[in-house]
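Next up: some structures, all given as structure tokens.
Each of the next two complexes has subunit A plus one other chain: subunit B in the first, subunit C in the second.
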Partner chain A sequence: MKNQEAPQGEALREKVLAGYPAKLAKKRAPQLVVNHTHADGQVPPVKANVRTTPGIITQRGCCYAGCKGVVLGPTRDIVNLVHGPIGCSFYAWLTRRNQTRPPTAQDENFMTYCFSTDMQDENIVFGGEKKLRAAVQEAYDLFHPKAIGIFSTCPVGLIGDDVHAVAKEMKEKLGINIFGFSCEGYKGVSQSAGHHIANNQLFKHVIGLDDQAPEGKFKITMLGEYNIGGDAFVLEELLARCGFTLVATLSGNSTINQFERAHTADLNVVMCHRSINYVADMIEKKYGVPWFKVNFIGAKSTAKSLRKMAAFFDDAELAARVEQVIAEELAKVEAVAARIKPRCTGKTAMLFVGGSRAHHYQDLFAEIGMKTIAAGYEFAHRDDYEGRRVLSSITVDADSRNIEELEVEKDPKRYRKILSDEKRQKLASVNFEFNDYQGMMPQMDDETLVIDDINEQDTQRLLELCKPDIFCAGIKEKYSVQKHGIPCKQLHSYDYGGPYAGFQGAINFYQEIDRLINTRIWSFIEPPWEVAASPTLEATYERG
Partner chain B sequence: MALLRHTNQPAVERQALTINPAKTCQPVGALYAALGVHNCLPHSHGSQGCCSYHRSVLTRHYKEPVMAATSSFTEGSSVFGGQSNLLAAIENIFTLYAPDIIAVHTTCLSETIGDDIPQIAAKAQNEGKIPAGKFVIHANTPSYVGSHVTGFANMTKSLVSYFAEKGPAKLRTVNVVPGWVEPADMREIKRIAALMGVEIILFPDTSDVLDAPQIGKHEFYPRGGVTVQALRKTGSSQATIALGPTASGSAALELEKKCEVEATMLELPIGLRATDAFIDALRRIAGVEVPQALKDERGRLMDVITDMHQYFYGKRVALWGDPDQLVSLAGFLADVDMQPVYTVTGTPGRAFEERLTRVLAGRVPGVRMRQGAQADMFLLHQWIKEQAVDLLVGNTYGKYIARDENIPLVRHGFPILDRVGHAYFPSVGYLGGIRMLEKILQALQDKQDRDCPEEAVELVM
Partner chain C sequence: MNPVTPAIEPRLEATRNACKLCTPLGACLVFRGIRGAMPFLHGSQGCATYIRRYVISHFREPMDIASSNFSEGTAVFGGGENLTRGLDNVIRQYHPELIGIATTCLSETIGEDVPGMLRAYATARAGSPDLPALVHVSTASYRGTHMHGFHDAVRATVAALACQGATLPRQINLLPGLVSPADLRHLREIVAAFGLQAVVLPDYADTLDGPAWDDYQALPDGGTSCSEIATMGQSLATVQFGRALALTAESAADRLQATCAVPACKLGLPIGLRETDALFDCLARLSRQAPPEPFVKERGRLVDAYVDGHKYLAGKRAVLYGEEDLVVGLAAFLTETGIVPVLAASGGKSGVLRQTLTEAAPETASKTQVVDDADFVQIEAAAKALQPDLVIGHSKGAKLARALDIPLVRAGFPIHDRFGGQRLHHLGYRGTQELYDRIVNALLEKTQTESDIGYSYM
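Let's turn to the complex of A and B:
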């Protein structure tokens, strides 16, 4: 089935672009890039985080989805009230698979609930603030939550409802934390704008409210891990075994109180750079907590990340425990990889999803000998492709300008100089990168194809031209890919499988890819009577 | 531990807060209806998110590709209006995806702005952006009015407004508007009509679209869907049968108004007597006999009812979902002597309560029903906590109540995100009735087998 003469590099790029009429092809061209890493680590520029052309069948969702669904979705003890017509809240109801584990039956968990003001005609005409206020009151009376978040959907901004004023008023009245999000779906160009709005509000209204650090040594906060399919559970267990103390996760398996004391950690590690890097920067500026990028997807990356964290704390006992855990876990991982790798080596993968997974998951494929021949993000920015070195050269366009950039200053009381200049320098001398992310492309082979904001058209052409062995995307792409007879692995929801983080996750993923690629089911699609060299009847009908 | 650990009772009246809705928004219904038209690409005029959500929920429900485009509004379009976005979208869609029809539905955003779709479509036409013989049609689907069912009704009505033509002479055909049912149901309605020898035009028709076979090839526009030619002919048909007034009524009435094709309003043919009514109406309108094959199917359904009556009798049931589905289902359950005690639908409309009361005919003491604002699954769960039921019938979201309360759940309606079968096996017609009863019995009997005392386990049931 594999297409041996599949075009590559520029030839492939041109063939994909040839699917567009001239005007669109011109517009699209800077978003399709053939990868080439120069000696200094530089890669060609990718046009990213720009509007999707109207009429294009895109993977992307909206700002509200990024705000309510992604960032706040996994926090169990907050009532997330969606101000708008019913749909926006309905579709974000339990559909993102972020799991949570309340420690006892008494602990709050509102994640199974869907709250909406269900705006009607008259609310659109006469304004919806009154109804919103009443809904907040009703939610309070029924549940007495610690916090209520209010999310604006498209019509809200347009009719001029002031969700922040209502939040402030009700916060004063009820004495619990209530805050609003101006995350109308039309803001920005994708979910990414919503991540930013969500995180800004958490930074303004929640982080720093509780200075009580949890007991324990080597305190860290994990940023940009959303506990899809239980990833956070795996990592929590792993970190605990190594001896780290997890202060908070933003936001997988989280609670409001964890957010409130996130600043008490001594180190921030960033998983998904796209959705949260600015929070890491802001926390560092305000509270002094240093950050670096980690990756817990892939066994080697997990080991590398753990070692880096141990090195940061510079503690012999910690380092020894980390090494012991890595040794134990890698032994298990390698046993499975040894069985699966021969079955997958040389197979090809394409990954088009999200804002970090299209990068991270390449590690897992590499570990079982597979090649990533094309990849791209749904809502990432240039720095996620090319690395943070391009940050200063990113032009701010009209769509980004309306996403608030917070002015952050040192907190006179809470700022701690955690990392001495001397130690920072010492670490820097061993190539220890703080505040950095290299991006996806330097890790990819030359001549592979990078496509930003891929759409249905590109997807179909890639599948036809290259016939990859596996394609990774989301639910909207899943079945149109599989109709080609090519397995599609969802990397948003993991196809209701996983976890895929950490060492155990790597094992799960190898096995899952082995299943998808090496099953015989795809070979049954063609009925025997349509196969050219079909064997003749094996039994003859006996005529009596 | 409980999944819905904060659901408490008694039910206090709420005025503003909806919790765990028993409805969703108009555009998803319009999108679904438009998928039932051959070579048609649905288009969402608004921001990207709505379209992404609607495609996702339909994809999860069908495990099939669901294609639709969006106007991808930005902040600028929400200030200045979405005309330029829609014009660009129309041009791009016809060049890239080559549909015969673009079926535009609005969203809350474009409705609030007040974009005039016909005017924009006319402009597209004048600017040569619509190729000869191709169409841009539309339905207004603001979600702050009605529900997803309203959206389905509005787009179905638009099919009539845009395409139905009153021809010079009446044709033999009978129009059937199937309502928001599954591809399998649409296929079953066509099979029943074919058995009876009645030529019907079914619209919309999502069979062979959302149950497309795996053949190793992706068909961007699958084989199924009602054609424009067939839609044109609906204006010359003998009559229209609207199955389910909420979803199908407005299209049938529009045909009556526009082309003088007489409308017959029926309940969805789910269950024995609603199917009887459908078949009887077809028989009368087309002047045909009911064939033996259908009589046999009816007999087999009657056989299941009489054989297994003891397991139905007196069982208390809670239902949620869409008005048309609920009326027929509850009526069917009451006919086999179950007790559909609680029913909620978020879809507003007083007629629902009247219709439900009519089919229940006073046979369900203590019945509670609610429609519209705050008629949600939170309220339903509160009722269940007050007095339990034996069975839940509704969409996937019921599984959280089912697990917390240890009540068996029969999945029916939209969306079903966690099981397959609904796209392939009908619930309409006599065979559909047998399938519904089979599922109900299975759920009840499995629970009895699992939970009863060891000495009470029955080999034969």
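Let's turn to the complex of A and C:
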């Protein structure tokens, strides 16, 4: 089954590109890169965050999907009102299986609710603001929520409905926080634009509204964790056990009040660099909260991240608790890994998903002896591949220019100098990196293949050429991958399994991968009469 | 106790928990049922992605949809160039026999002249052996539901491809509407048993419910071919399902009748004895052949099951929701079994739901609360007052069934909270039988689960 002759490196890259007509191959070539990390940590450039060619079947979604579904999806007490025709709202209705845990049954949870202005012909012709205003009023009358978010779909921008004006007007009228998002589907090249628009609006309209910090020591805010499969629940519990106080998560298992006081934390840790690194920068600039990148996917990465957080707070008791938790948890993880590793060692994985997941999950595969032979992101930018060192050299095209960059200044009242220059220097002397992300490629082996915005045809060629033991993507890819007899693990929705974060998540993931790649189903695909020199058939002939 | 008929909650400006999907989704399903066809959305790439993921979650099969991938600039300056490039790339990569081009809200709102663009495209490439059939359907989501997109795509395909010619005396057209792949296979079997050949449009029985692959299939095997569709103008008759469709739109059957003089037999969705009898009667007349014995026996077994199950079902009260034609078909069937459909709701608003329901289920229609243009908040509110015993419909009724603490018998599309939605039978005597068994068992299961004693005889 395994393809021993599978091409590698440049040979593989050329074979994948050979599937394209010449003109398209030329355009596509800079998005397919053979990895090579130089001694100074530099990797070859990847063309990323560029528009998919029309007619090419991409994994990517739209700006609205990134804004409404991803970033605002997991917040339970904001009423999300989609201004547009019905499809956009229907398709974003609980599809990511966003999880949340209201403390009591009386606490608000609007996530199961799908609220749309359901625009009709006449609204397109005569404008939909009147309908939108009425819908906001209805949402208020029904729920008296703390906040209402209005999401624009494609026609809204085109017909000139001003969702921000309606939001402002209704905010004044109703006395609750109401904000709009200009996240029309055609903006940007992928859902990444929607993340940016969502986060910008949260930064403008929500973060900083409540200066009341929660009680507790070692206050942190977790950025870019979206509680897929209950990941946030695992991490909340883990952080609490270690002694950290979680002020807010953007945005897994969150509430609007968490967002309002997110700036009161003393440290921001960033999980998904792609979707939120700019928020970390803006919070630091405006409120003085330092940030660094963490990764809670993979047991070793989790331990490393917790230690880094403890080192930041420089407290002996905290450090001791963190070490104790790590020791207890790693013992459990290693027991499971020891059982599963022999069954998975040497197997190969491909990961084409998200804006950070294709990187993070490589750690989990490595922990059970599996090798990532190709990977890429669906909606990431160059810095997510090559590291933040390339930020200044990224060219801004027309699609990116349309996404607002906020001008941020120090808040005269709320800015706190949390990290003294001395301490920053001291930490820097022990290679403690702030505001940094090395990217996916430096961690990958040389000669592995990196593909940005993989499409349906690339996927098919990769599968045929390399026959990996597992392919990680999303539901759109899952069934065509499995038609080849190769298991596909969804890393967007986790196939409605999980959690996979933290130590318990690592155990869950090892067991899941073992189940998938060691299933006996693939041996049944061919019926006996199609297997050459079938003993059954020969016996029958002889008797006849 | 006889619960009072509730007043339906007024429809708000906003739709809360919609009971309908968007028009291009219906069109894409139709194009997936044509051999060697690629569905193509002219507009934003996100629509293709959302529709793919939604269709895939039900069928658990690959579903590719290409798009012309508008940027902000395209939205301002027009999408002609994107359409051309998109079509070129699809043709080069997939070599389709047909590309079905549906529009999205984006291209509809800016008023793109897609037919004009396609004519120019085809003219520029006239004579090219690679040039596939190009079928366009206008599918703005602010006009209608997924069923409009579906039926409009069937009509557009027929309009583009079907030709007049000498009548093929053993061939009929079958326009089943949005039914499951299992239903499609069963319908084919029924028609073949009458010695007739059916051109089924669409036929995604294999493309959306296929086996594991030996080799990569750029376009999945199966579907009705363009050459078969071309002969639809020569068929003996067109059999079309859907009582609401028959009254509201110029359908593909109408089109074939008007342009090719193919008589249209407009039937209800064949669920239950009477609606299925009507189908068999129609096929018997067309084929001049009595219904084949295996199906007569199936009918007999179904009647027998109705008798055996009557004690469980008589007087039970059901809530139905979904596409209008499915709701009417289910009501026609349930009425035969003794179940009263106390609520029939749909996100569609053809205006004929009450009328068609009265025609298909005359015995209980006066007891049925009808809500069209409904959303699930209205449905739930109305259902609560009606004290129903079960809910029948797609997965989006799960919340409603939970709130009422009664079973949900899953039927229709989308079913993404259970396994095998694509293989559920609903149609014919056999499909009705399976549906009937599922309904009886759902009620038995509830009784058993709630019993303190734990009976194993029910």
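Here is the rule we go by: the second predicted complex is superposed on the first by the 535 of 544 C-alpha atoms of A that agree within 3 Å, B and C clash if a C-alpha of one lies under 4 Å from a C-alpha of the other, contacts with A are read in each partner's own complex, and residues count from 1 in each chain.
The rule is simple: a residue touches a chain if its C-beta (ideal position, glycine included) is under 8 Å from a C-beta of that chain, and two chains touch if they have at least 3 such contacts.
If you're wondering where the values come from, they're calculated on a predicted model, not measured in any experiment.
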Quick check for you: in the superposed arrangement, does A:Thr221 touch first (subunit B), second (subunit C), both or neither? neither
Is A:Thr348 touching anything from subunit B or subunit C once the two structures are fitted on A? First, second, both or neither. neither
According to the stated criteria, A:Gly61 is in contact with first (subunit B), second (subunit C), both, or neither; which is it? both
Touching partner for A:Lys476 - first (subunit B), second (subunit C), both, neither: both
For A:Tyr91, decide between first (touching subunit B), second (touching subunit C), both and neither. both
For A:Phe143, is the partner it touches subunit B (first), subunit C (second), both, or none of the two (neither)? first
Touching partner for A:Asn109 - first (subunit B), second (subunit C), both, neither: first
Would you tell me the residues on subunit A in contact with subunit B in one complex that are also in contact with subunit C in the other? 20-21, 24, 51-65, 81, 84-93, 95, 112-121, 123-124, 131, 134-135, 138-139, 153-155, 157-159, 185-187, 189, 398-399, 402, 456-457, 460, 463, 475-476, 478-480, 482-485, 525
In the complex of these two chains, what residues of subunit A are touching subunit C? 20-21, 24, 51-65, 81, 84-93, 95, 112-121, 123-124, 131, 134-135, 138-139, 153-155, 157-159, 185-187, 189, 398-399, 402, 456-457, 460, 463-464, 474-476, 478-480, 482-485, 525
Enumerate the contact residues on subunit A facing subunit B in the complex. 19-21, 24, 51-65, 81, 84-95, 102, 105, 108-110, 112-121, 123-124, 131-135, 137-139, 141-143, 153-155, 157-159, 184-187, 189-190, 398-399, 402, 456-457, 460, 463, 475-476, 478-485, 522, 525-526
Quick check on the complex: what are the subunit C residues that touch subunit A? 12-18, 20-25, 40, 43-54, 56-57, 60-75, 82-83, 85-90, 92-93, 104-106, 109-110, 140-143, 145, 212-213, 216-218, 399
Can you name the residues of subunit B that touch subunit A in the complex? 1-6, 8, 12, 14-21, 23-28, 43, 46-50, 52-57, 59-60, 63-78, 85-86, 88-93, 95-97, 107-109, 111-113, 142-145, 147-148, 212, 214-220, 346, 373, 378, 397, 400, 417
